[in-house]
Every structure is written in structure tokens, then in C-alpha cells.
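Everything on this sheet refers to the single structure shown next.
As written, the chain order gives the labels A, B and C, with residue 1 at the start of each chain.
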Amino acid sequence: MTAVIETKNLSKWYGNVLGLSDVSLEIESGITGLLGPNGAGKSTFMKLVTGQMKPNIGRVSIDGQDVWNNFRLFSRIGFCPEQDAFYADVTGWEFLTGLLRLSGYSGADAADRASRTLKIVELSEDKDRKIRSYSRGMRQRVKFAQAVAHDPDIIILDEPLSGLDPLGKRRLIRLVKDFQSEGKTIIVSSHVLPEIEAMTSRIVMIHQGKILAQGDIHSIRDLIESYPHMISLKCGDPRAVAARFVSDTSILKMSFGPDGRSLVVETHKRDAFFNRLQAVVLETAIEVEEITSPDDNLQAVFDYLVVK
Amino acid sequence: MNPNINPGGPSLWMSFRRVFALFCFLGRKTGKSRVFLLLGLIPVAIAVVVRIVMAGRSEDVVAVFNEILMVFYVTFEIVILSLFYGTSIVAEETEGRTLSYLTTRPLAKTGIFLGKYAAYVTLMVLMVSASLFFSFFIMNGHRFREPALYLMFLRYAGALGLGIAAYTALFAFLGTFLKRAILIGLLFGFGWENVVQYFPGSTQRLSLVHYMKSLMPRRAAGGPLSILLFRLEPSKPAVAVLILTVIAAAFLGLACWLFRTKEYLYEE
Amino acid sequence: MATVREKGYYHWDGQLAERRFPWWPITRTGILLAFKKRGFRFLFAGAFLPGVVFLGIIYISENLESFQAMVRSSDRLINITPGSFKTFFTFPPVLFLMIAMMVFAGSGLVADDLKHNSLQIYFSRPLRKKDYLLGKMAVVFFFILAVTLVPGLLVYIFKLIFAGSFKFFLSYPWLVLSIVGFSAFLAVFFAFYTLLLSALSKNSRYVMILVFMIYLFSDVLYGILQSIFRTPYMALFSIRANIDQVGALIFAQKPVYHVPALWSCLLLGGICALSALVLSRKIRGVEVIR
């Protein structure tokens, strides 16, 4: 698949403070999660991709065209900024139709699109209320609406789920996934790891302005050779299972839970362990209630990478 | 994507038109516009009071208009309006953190800037013209049948309009790169512009207000206040129009260039 | 599950001491924020210039022999009286400098809190509305008194020192009270004036314009009305003229405008009362949006 958005050696300074350092990425269509703590450089990256800032070094391009001062590209881009900011004294309807008209839609088309988008984000009933009377979640939804109302190919969402309640988050995540199935290119940033995990497995991890890792979350985890995988088992006789693995040289550590029913294993060779476990379960007829990988998630991977 | 949208992107003119339409709408809605509209009602109220108090003294009424109310418009009202709206072109977007809504639309940055400028200048010209219309015709009501009266009104309105355009361009330029543009603007508008009129020689020509006053119809014999209007021979009207236009165009050009090339970061 | 105590949290058995001046942190922050602006530091330093000039005049007045070559008509030109102090305090550039300081340091005092919804944060502390207002007003008091009371008293003291006697004090024993009283009046009035306008908008840029515009406009309006109606009562429209009238009253001088000074006091008092009313309505922990 060809990259839609490409950055080459992208670097940005704010005076002496490094915002982004030597970021080279190729982003294809689908959802790409940009993950990092506050101040990592996610918003800086998004502002560079949306042409709000000019790179100090390097280049950012969309379909081969430089983004900075290239306003023609913006009919294809929808941006949902992080800031909770709107024009004063406007209603949701006025805000959305106004911005649609800026995108080039006629009055009638803008009204039609605004109506449909407000329905999607469930703000139709509140469209004639002033935005400053909206709740935090409603404001977030209208911000999202202005990013997608003009049907862009590329959607850049900076912390889109912030301020939403759990149900609102689920709805928005579903919407984002719907856009993915339409073939759009979506970049979503967040510092809340489960949110990113719920949307996509394609992750770019960013920390202190640098890319820590990128790719599928599981393959990122597998690449971290220096840290063993942790696997937790819950069964009737964990010691019996443990006895079967004591002589296995790929097992680095085993520990038992205080409840007497759980076993936590650390191993370099996860796949080999699971194969062996399958055989052990069949041999011993021990009932395994639960198998989990406590560290096979974004948080653990991130923690490992940052410490590394 | 909208099939009606030009895939090559909008022209500068289209960008300008779209932004102009939006900010004409937004500018009208804000409470501040209503406050400034009220400011414009004050000369109208004074005009009504003067007509009542000075009934039958047409010469004095006209003198009050020419030498007092017009000075109010020229040295106070349009400076305040231009300062607020001119600096707002960029400052309200950066302070309100709404700049990204404009710069991530398919709009030329020059078109964004010029569209906002034109919208605010139009708003100000309408506010001031309405106020001027009422105060002028209230105070010159006894001369309705004279065609010269209407030409005089147009001349006043034109001078104020050109002044608004020039001041707004200057303050808009200051607003593109200064954080405290309002303070510098206040110093210029109420410091330099007032003080320079008392300087000897041709120093007056270094102020915008000189050229605006040069466009005003002048009374043949000066009253005690006429000295406030002219300490020096005014410039020719054509020269004044040219200078004001050039100043407006030059500052607008610089402002557009700065707006296009500068990055605007929100204060955290 | 471990209890809270076992987790290491302990109930504090002490008593929370109430701050004697709960408004002080607000004032301190407001002052420090103002000094962070470079332009304001220059302005503040410049605001002492009239005081330095006045001090120079005092010095010259006490050393006339040394300056006789420079000063031809010496005696009447530099005769320091309470009127000189009144002139210093009501000198239009001095008042203008105070307004400029309010534009710089005072316009965002309430407006920024309204913009950032900070009032909820303030009132989630043990802080009453009057503590908040007092804290904000004290910022204005600090700056106004710094350029009025401090130079005024210093000049008075130096006058006595240069004269080498207490004759001046004995001639005008009430002058110190006048200096303190008028400085306090200016501080209180400008505090109410600035906070009133700052509470009217969330946009501090707009408030800057209002602070300057209303002060200047009142003078312009006075000029217009005076030239039309030619009556001294039009001076009541001008904030500057009213301050001048109050100054004349406090320093026992003849008012410049032939209007009872009491009317000026009432007018400026009315502005303060209006300000108090608006502030009490605007300063709320919860914003009601209609």
C-alpha cells in the first residue's frame, strides 16, 4: 500500500525546546494511532501534518505534495484540534454551516451536510443552542463534526475522546472505524492507551519528540527481546503445571499467586511456551480457567520502551 | 468530497469571499459590535440636543458639526474602532484558539486575512456611516434642498471610510506580529496622532489624521476651534486619497505576507 | 483489602488555621503577573518620573539662591503649597499614566478569570467573594499607591529636609492627611473602575480598550458639551475633571470648575457603587448560561 502521508526527518523546535526530532513515517490509509504521554510531540506532529506549523528540518507531504502553505490540500483534510475553542456566541448549527461554507459548499449543501453530520454525532436536537451552553462532551462532538462534515479523505484527530463519557467514547470509536471502512486515512492521537487499543492495532509510539516504535502492537511487543513475556494462568493445580516447566530453559521465572490458584510465568519464547502448555494440559487433564498476558498491552509495551 | 469544489483549490478571490461572508456574520453577532454601535449613537444624541438648544442658529449648528463632532469621529471614534477590529484580525484567532479552523480549510492565507479585514472594515464603515448620516442630516436639516449638502456628506463619509481602511490596515499589521498590539496602537492613535498636530513644519504629514482632515470640507473663516483642525496647509485632496490608499495597501501587503509566513502558536 | 490506614493514609488530627488575609495570595499573584510583562516594568518605572520632577522642583524651591541664574521670576514660580501637591496628583499626564497602568496590569484581573473559568477554582478554596474582590482590588491599590502615596510622602518629607525646619508642616498640618486621603481615594476609585470594566467581558483586549476609551471619551465628551453649552456643569461628564474637583476639595483648594466638589464626589461614588453591584453579580462560582 502506498503511503498517503509521509514525513522525512521531520524536526521542530520551539526556541530551545525540542518538539519533534527526526521523525520519518509513512502513514497508509486506515487508522493509525499516535500514542504518547502529554508533551511527547503528538500535537506538534499533527500541526505539522495539517500545515499549521513549518518544519525546521525535514519534510511532510501528502500524496507527494508539501503541506506547508499548500491550502489546496485542505479540501481533503479534516482536523479536530485538541483545544476546546469555538467562535463566541454561535450555535452548533451556525458553527458547522459556517465552516462548511468556508470549505466551498453552497448554502443548501452546507445545510444538508451539517444536518447529516449533527445527526451522526447526536447533536440534532441541540443544534440551535449556543455552543457555550453545551457540555464538554457536546463541544467535543461538535468539534469532531466540523472535522468530518466536508467528507475529507484524511482525518486528523487530536485527542478526540477527551471529555466524552464512556458511551460517547464507544460511539465515537465506532464512527472512526466506520470511516476506516470507507477507505479514509485517519490519525488519532491519545495519551490514554486503552482508547488507542480499541480503535486500531497500528500504533506509532512517540516520547520526548522521538519515535519509540511503530507497527502492530503485538509485533512491537515481540521485538522487545530484552524483556520477557509474562503469562498468567489460573487453574486448579498451578504447582503441578509449574513442575512440568521447571526444567524448561526458556522459562526465566515462575511465581504463584496468594490465592493458590494462579501461576505467573516469565519466558523469552512465548509461542514455544504455549505449545508446551497445550501438551501439558492434555497430559495432566488439569482444568485451566484463564490464560492472560498481563504485559501484552500498550501500557506495558510503552513502559518497557520508555525505560529502555 | 464535494464534486462542485474545484480540485485545484479556490482562488484568492473565492477564499476572500468565503471568509468575508463568515466574518460579516460573526462580527454582527458579537456583543462588542453592539457596544461600538452605541458609541456611534452618542454624536447622534448630541446632534439632537444641539438642534434643540440652538434652534434658529444654523451657522452655530453647522460649526458644531464641522469642528466638534467631526473631530470626535476623526480623532476618537474611528481610531478606537480600527484599533479594536484591526488588532482582532489575528489576535482573536490566536487568543480564542480558533485559528486552526481557518488555516485547515482550503483557503489561501492571504484570502483569510483580507476577507476578515474587509468584513471588519465594512462593519465599521456601516456603523460610522449610519451615525454620521443621522448626526449630519439632523444638524444640516435646514439645507435638505441643497444638492451640495449631499456631496458634502459623501465627502465626509468617504474621508472617514478611507481613514478606517488606513487605520485598520496599520493596526492589523501591528496585530500580525506584536503580542501587545493594542498598547502600541493606543500610543500611536492617541499619542502620536494627537501630539504631532502641534509640531512645526511638515511633521503633520507623518500622521494619518492629517490626510483625513485634508479631505474634509473646510470652513472659510476659522472659529476658535478651527486651529485644532489645521495648523498647517492641508494636503491636496487627491494627494490625501492617494497617500491613505497607499498606506492601507502597504500595511495590508506587509500584514498578508507576515500572516502567510509566520507560525502562530497558542499561548499555553 | 488493606484499609486506608494500612495503605499509609492517616487522618490529620490538627486544626486548619484560617489565613488572616485570605486575599493576599490573589494580590501577590496579580502583582507578580503584572511585573512579568516587560512593557509594564518600563511603564511602572516611568510612572515615578513625575514624582522625581516634583522632587526636583521642591529642591529648587529650597535652594533658590543657587538657581537664581536659571530662575528669573523665582518666588512666585516655585512657591510650594498644598496646591502644588494637588497639581502633582491631578496632573493630566500623571492620571494618564495611572490609566495606562490599569490598561496593562488591571484589564485582565477579572476578565482572565472569567475566560478560563477560574472562579470555580477560587471558590472551591476557603475564600469568600469579598476576599476575592479585595485581593483583586489590592493589586490596583498597590500600583496606584506606589505612584501617588509613596512619591507624595517622600516629596513631603524631602520638602521638610531641604527646608531644614518644620515650618511647612506647621503651616499646613493637615497636608499629610490630604496626601494619604487623596491617594487612597485614587486607589479606591481606579480599583472599582478597572474591576467594573474587567468584569464586563472575558476578552482582556476588549477591556483594555474600554478602560482607556471610557476615561478618554468622558474628557472628549466634556470638551464637546462645554463648547456647545458653555456651562461648567459639563465638567461632571469628565472623569478627569471630577477627580480634579475631589482633589481640590481634599487639598482645600479652589475648584478649577465652578461646580460644587460634592457633586463630583457623588458622581465618582456612584461609579464605585455601580461597580460594586456589577461585581457582586458577575463574581459567582457558577456561570449561568442562557
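Assume contacts are C-beta pairs under 8 Å (C-beta built on N, C-alpha and C of every residue); 3 or more make two chains touch, one makes a residue touch a chain.
Quick caveat: nothing in here was measured; it's all calculated off a predicted structure.
Peer 1: What chain pair shows the greatest number of contacts?
Peer 2: Top-ranked chain pair by contacting C-beta pairs: A-B.
Peer 1: Which chain wins if you rank chains by how close their C-alpha centre is to the centre of all protein C-alpha atoms?
Peer 2: If one averages C-alpha positions chain by chain, the most central is B.
Peer 1: Which chain lies the greatest distance away from chain C when centres are computed from Cα atoms alone?
Peer 2: The chain lying farthest from chain C is A.
Peer 1: Using CA atom averages as chain centres, what separation in Å is found between chain B and chain C?
Peer 2: The separation of the two C-alpha centroids amounts to 32 Å.
Peer 1: Rounded to a whole Å, what is the gap between the Cα centroids of chain A and chain C?
Peer 2: Roughly 53 Å, centre to centre.
Peer 1: Can you compute the centre-to-centre distance for chain A and chain B, using the mean CA position of each chain? Integer Å is fine.
Peer 2: 49
Peer 1: Note the residues in chain A that touch 2 or more other chains, in rising order.
Peer 2: Residues of chain A never touch two or more of the other chains.
Peer 1: Going by the contact rule already set, what residues in chain B reach two or more other chains?
Peer 2: Each of 31 in chain B touches at least two other chains.
Peer 1: Name, in rising order, each residue of chain B that touches chain A in their complex.
Peer 2: Per the touch definition, chain B meets chain A at residues 1-2, 4-10, 14-15, 18-19, 21-22, 25-26, 29-31, 96-109, 260, 263-266.
Peer 1: Where on chain B is chain C touching in the complex?
Peer 2: 31-32, 39, 42, 46, 49-50, 53-54, 64, 68-69, 72, 76, 80, 83-84, 87-88, 91-92, 95, 180, 182-183, 186, 190, 225
Peer 1: In the complex, go through chain C and note every residue touching chain B.
Peer 2: Touching chain B from chain C are residues 37, 39, 103-104, 201, 203, 205-206, 208-209, 212-213, 216-217, 220-221, 223-225, 227-229.
Peer 1: Spell out the part of chain A that touches chain B in their complex, as residue ranges.
Peer 2: 14, 47, 50-54, 69, 71-79, 81, 83, 85-90, 94, 98-99, 101-106, 109, 146, 150-153
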